[in-house]
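Both complexes shown next keep chain A, but they swap its partner, so chain B is in the first and chain C is in the second.
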Partner chain A sequence: MSYYLGLAQLIGIHTLLGLSAYVLMLTGQLSLGQAGFFAIGAYSAGILTVIFEVPILPALLAGAVIAAFFAFIVGFPALRVKGLMLVVATIAFGEFVRLFFFNLSWRVPRGDIVVGPDSTNGFREIRYFVANGWSPWEITAFVWTFVILVMAALWWMDRSRAGAVLRAVGEDELATQSVGVNLTAVKVTAMTAGGFIAGIGGALYAHTATYVDHLTFTVLLATFAVSYPILGGLSSVFGTLVAVVFIQGVLVEGLRFMGDWRNIVFGLLIIMAMNLKPSGLFDARTAQILKRAVGLGAQEKSDA
Partner chain B sequence: MLELRGLSKHFGGVKAVDELDITVQEGEIFGLIGPNGSGKSTTINLICGVYQETAGTVRFHEELMNGKPPHQRLRAGIARTFQNIRLFPNLTVWQNLWVAQNSPEDLATQGFLSRWFGATRQTRREIATLLELADLEHKSDELASNLAFGEQRRLEFARAAAARPKLLLLDEPAAGMNRQEIHDLSLRIRRIRDSGVTILLVEHVMELVMGVAEQIAVLNFGQKIASGTPGDVQRNKAVQEAYLGTSDSDAPSLDTGD
Partner chain C sequence: MSDFLLEFVEITQTIGDGLFFGTTYALIGIGFSLIFGAMRKLNMTYAAAALAGAYVGLAAFTFINAPAPVVFLISALASGLIGGAVYITCFRFIPINNHLAALMASIGALFFIDEIVVHTTDGSPLTFPALFDDVMFEMGPYGVRGDLLFVLAVNIVSTIGLLYVLYRTRLGLATRAVSQQDVAAQLCGIDVHRTNAITFVLAGLLGGIAGSMTASAVGVLSPLITVPLTVKGLIVSVIGGLGSIPGAIAAGLLVGGLENGFLYFRGVNERDMYVLLLLFVFLIFRPDGLFGSAIDRD
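Our next item is the complex of A and B:
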């Protein structure tokens, strides 16, 4: 059972990671720096609960705010560049963060052991949940509370004018500017929101895994972050969730017997998805069909 | 109301717009014409702030616009349409107009939350009015990309009007239109002007410009070669040469047909 709960936690956390990229992708920006914000959330929250003995909730929120702050700072220079250049710039940022934690050593004695980030040896003993006697069920519920909160907030945002503006920026930046939208403000806000969401994900990850090191946050993780919305499509937040369940649940776990060969399936799938269904597996049409199947087809209204 | 003084834009060695002086009076329909590549669209982009000028000034209601980004110029009252229609194709007609709710009145009367996350009754009413003016009421939930060409043009006009501009820049609005559509367009342009909006019309189709504009400036190779009423411009030798490459022709392309 605890295996499945662990998987559920991982799916929840990766959904947050994917949603952090989703927000940015609505504005047409592809960032491979999401692993960096995830790492900032993980280390910041971990340091707060372990070294400063702060309870999980404030530590998690602080981790998210710190990640959002860095996303905000990075947003200004990074969003001046577009397309491939933005991808390169955000990879650089992600690597910068990873190498920072690769070097960070902040060791504090706690009873008869020493705790805190230990550069290459990683950050062990992030044992808040264990130390406070949380059951796997409680941890899973905690993780999914945030997943549901973030999904609900984004779902609602998507249907508001803010969502329309983000999508408008994604479709045509020049036209959006010409109807009076402050492009920089919108993009930096999207980047900041993405950083906040990735920060929550990172904080949850550090505490469920109890151990992180710099290798957790490589470009591979950033690739996963953008793959989810690419596969799931940008028509709604549920696409990202479906893609995470599919990749983490079916591909990574289900194909475990294939060993590292399953990574090839993963790569193949991304290529196939982008060629066969460029707007995602869970695109507007699929959503329509599903909706009709459940019988609420006619209720979609743009002025909701 | 709009004053361009010594306005220049150079791309490397190419002087796309060169020392241009233009004054547009409040309430008029001002036509800007010229052969292909004469700098008309560049001029629009300079007025909107899409391009930064190499030299010269853009003043709107006496206020210096140089250095201001496009969204600030829009909020000052300068709206535009594009030569190749640029809607948000995967948003609905309604959403296209929703995004454009950035008039100074909207910004002044709406709080942050209602502006970004709600649609106030006032906003809905405004969008309904715009839809009605554009004859698109029944298409409100349609994706913009599913509209016919003429409907897309009308939606783009409506989207520009959503900002309640004082000056509307129309970049070749008649491109790809037939006679009947051009006639409807000229009525539409007059109606917009009569509602108190000054219009700067960049156009290729002489029939439209000569019929609707009160003042015209002619560009060639980035420079103004003539200006005045449609009649003055049609009789101008330099203009005839620019369009026909010869001075002894009777300039059929400038003929309005009436």
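Our next item is the complex of A and C:
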């Protein structure tokens, strides 16, 4: 049972990671730096609970705010350039963050052991859940509370004026600018929101895994982050969830018999998906067809 | 000699060695720029294909004990072939104006190639042959490694060769025509897909040379350098100005020299952080790069 709970936690955390890329992709921008914001959230929240012995909830929110702050800072120079240059800039940012934590050593004695990030050896003993006697069920519920909150917030935003503005920027920047929308403000806001969501995901990851090191936050993780909304399509937040369940649940776990070779399947899957359906596997049209086939409303179509 | 002079010699020697290495970054940067120039798209697989080509060359070295020049040649040819395959799988059939889909497909191919390399070599570094690695030239207080000098010579010759193809042959004329205005080029009877495919193979050949030269300068070939080489190639092409070949050359030398400078002053663990910061300095103060034009940026 604990295996399936662990998988459920992983799916929840990766959904947050995917949604952080989803927000920015609504504005038509692709960021390969989400692993960097995820890492900032993971290390910040871990340092807060381990070194400063802060409770999990404030630590998690602080991690998210710090990640959002860095997203905001990176957003300005990075969004002056757009499209492919933004991709390069965000890859560089993600690698910079990874190298920063690769070099970070902050060891503090706690009782008879020394805790804290230990550069190449990683950051061990992020044991808040264990120390406070949380059961796997409670941890899973805690993770999914945040997943549901974020999904609900994004779902609601999509139905408000803010969602319309984001999508308008993604569809046609020139037209949107000409009706008086401040493009930079919209993009930096989306970037900041994405950083916040990735920060929550990272903070949850650090505490469920109890151990993080710089090798967790590579370009591969950033690629996973953007491939969820790309495969799931941008028509709704549920597409991202479906894609995470498909990749992490079916592909990664279901192909366990292939051993390490299954990572190759991930590469092939992206190539095939981009050739067959460049706008995403569950794009607006597929969603319509599914909706009609099931004959239900917009919410239920994710179950199809 | 005084301490100050000794240190000065050491610093200039380090930076000089970095410039030699920079010619390899320049080649990788040129490859990114060539493809960006032709299609306005980024081929993220490029550095991985370059190293995969070097691995094919290494296989020839290991199994049939091929001499070093043959190894370099096989590396270049294999990388050229992989370049062509990447064009067909990741660019040919994806709508021309969907930049991000092609980018994602090529990232998928990057991990596909990387995983194959990791699995066939068990992820461990392998020795790569070099030429003239027992020769050392002395010039006053400075020394130049023979193998690095050979790397430099090969890199310069291949850059000149590429420039010759681009500016003195009909093939190069077609490539430049497609990169300037693909519709007009098509109306003149140029087969755009064929020209793009040739550009990919050409860039791949160059990448294979860069990959095998990097490996022979370092002495080992390891899958660990795929992502750093990709990132550095991208940085070089952005700093030089995306699509600009002279820019890529200048930026490659700049990055190579500064990298060794950072290595000298701050150590190997922090070196790459400063190279990445350099990119952000350029993004803030000169987003078009050294030689780029503002139109090419989107």
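The rule is short, and it goes like this: the second predicted complex is superposed on the first by the 292 of 304 C-alpha atoms of A that agree within 3 Å, B and C clash if a C-alpha of one lies under 4 Å from a C-alpha of the other, contacts with A are read in each partner's own complex, and residues count from 1 in each chain.
Convention: a contact is a pair of C-beta atoms (placed from the backbone, for glycine too) under 8 Å apart; a residue touches a chain by one contact, two chains touch by 3 or more.
The structure presented is a predicted model; accordingly, all values stated were derived computationally and were not measured.
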Chain C versus chain B on the shared chain A, clash or fit after superposition: fit
Superposed arrangement, angle subtended at the Cα centre of chain A by chain B and chain C, nearest 10 degrees: 80
Chain B versus chain C as contact partner of A:Pro278, first or second or both or neither: second
Touched partner set for A:Ala175, first chain B, second chain C, both or neither: first
Partner chain in contact with A:Arg292 - chain B first, chain C second, else both or neither: neither
Which of chain B and chain C A:Arg110 touches, first, second, both or neither: neither
First, second, both or neither for A:Val165, with chain B first and chain C second: first
Larger contact residue set on chain A - chain B or chain C: C
Distance in angstrom between the closest Cα atoms of chain C and chain B, superposition on A: 11
Intersection of the chain A residues that touch chain B with those that touch chain C: none
Touching residues (chain side chain A, partner chain B) in the complex: 156-157, 160-162, 164-165, 167-168, 171-172, 174-183, 301-303
Touching residues (chain side chain C, partner chain A) in the complex: 36, 41-42, 89-90, 93-95, 98-105, 107-113, 115-116, 119, 227-228, 231, 234-235, 238, 242, 269-270, 272-273, 276-277, 279-280, 283-284, 287, 297-298
Chain B residues touching chain A - in the complex, by the definition given at the top: 48, 50, 69-71, 74-75, 79-80, 82, 86-92, 94-96, 98-103, 115-119, 124, 140-141, 159-160, 162-163
Sites on chain A touched by chain C in the complex: 30, 32, 77-78, 80-85, 87-89, 91-93, 95-96, 99-100, 102-103, 119, 218-220, 223, 226-227, 230, 260-261, 263-264, 266-271, 274-275, 278-279
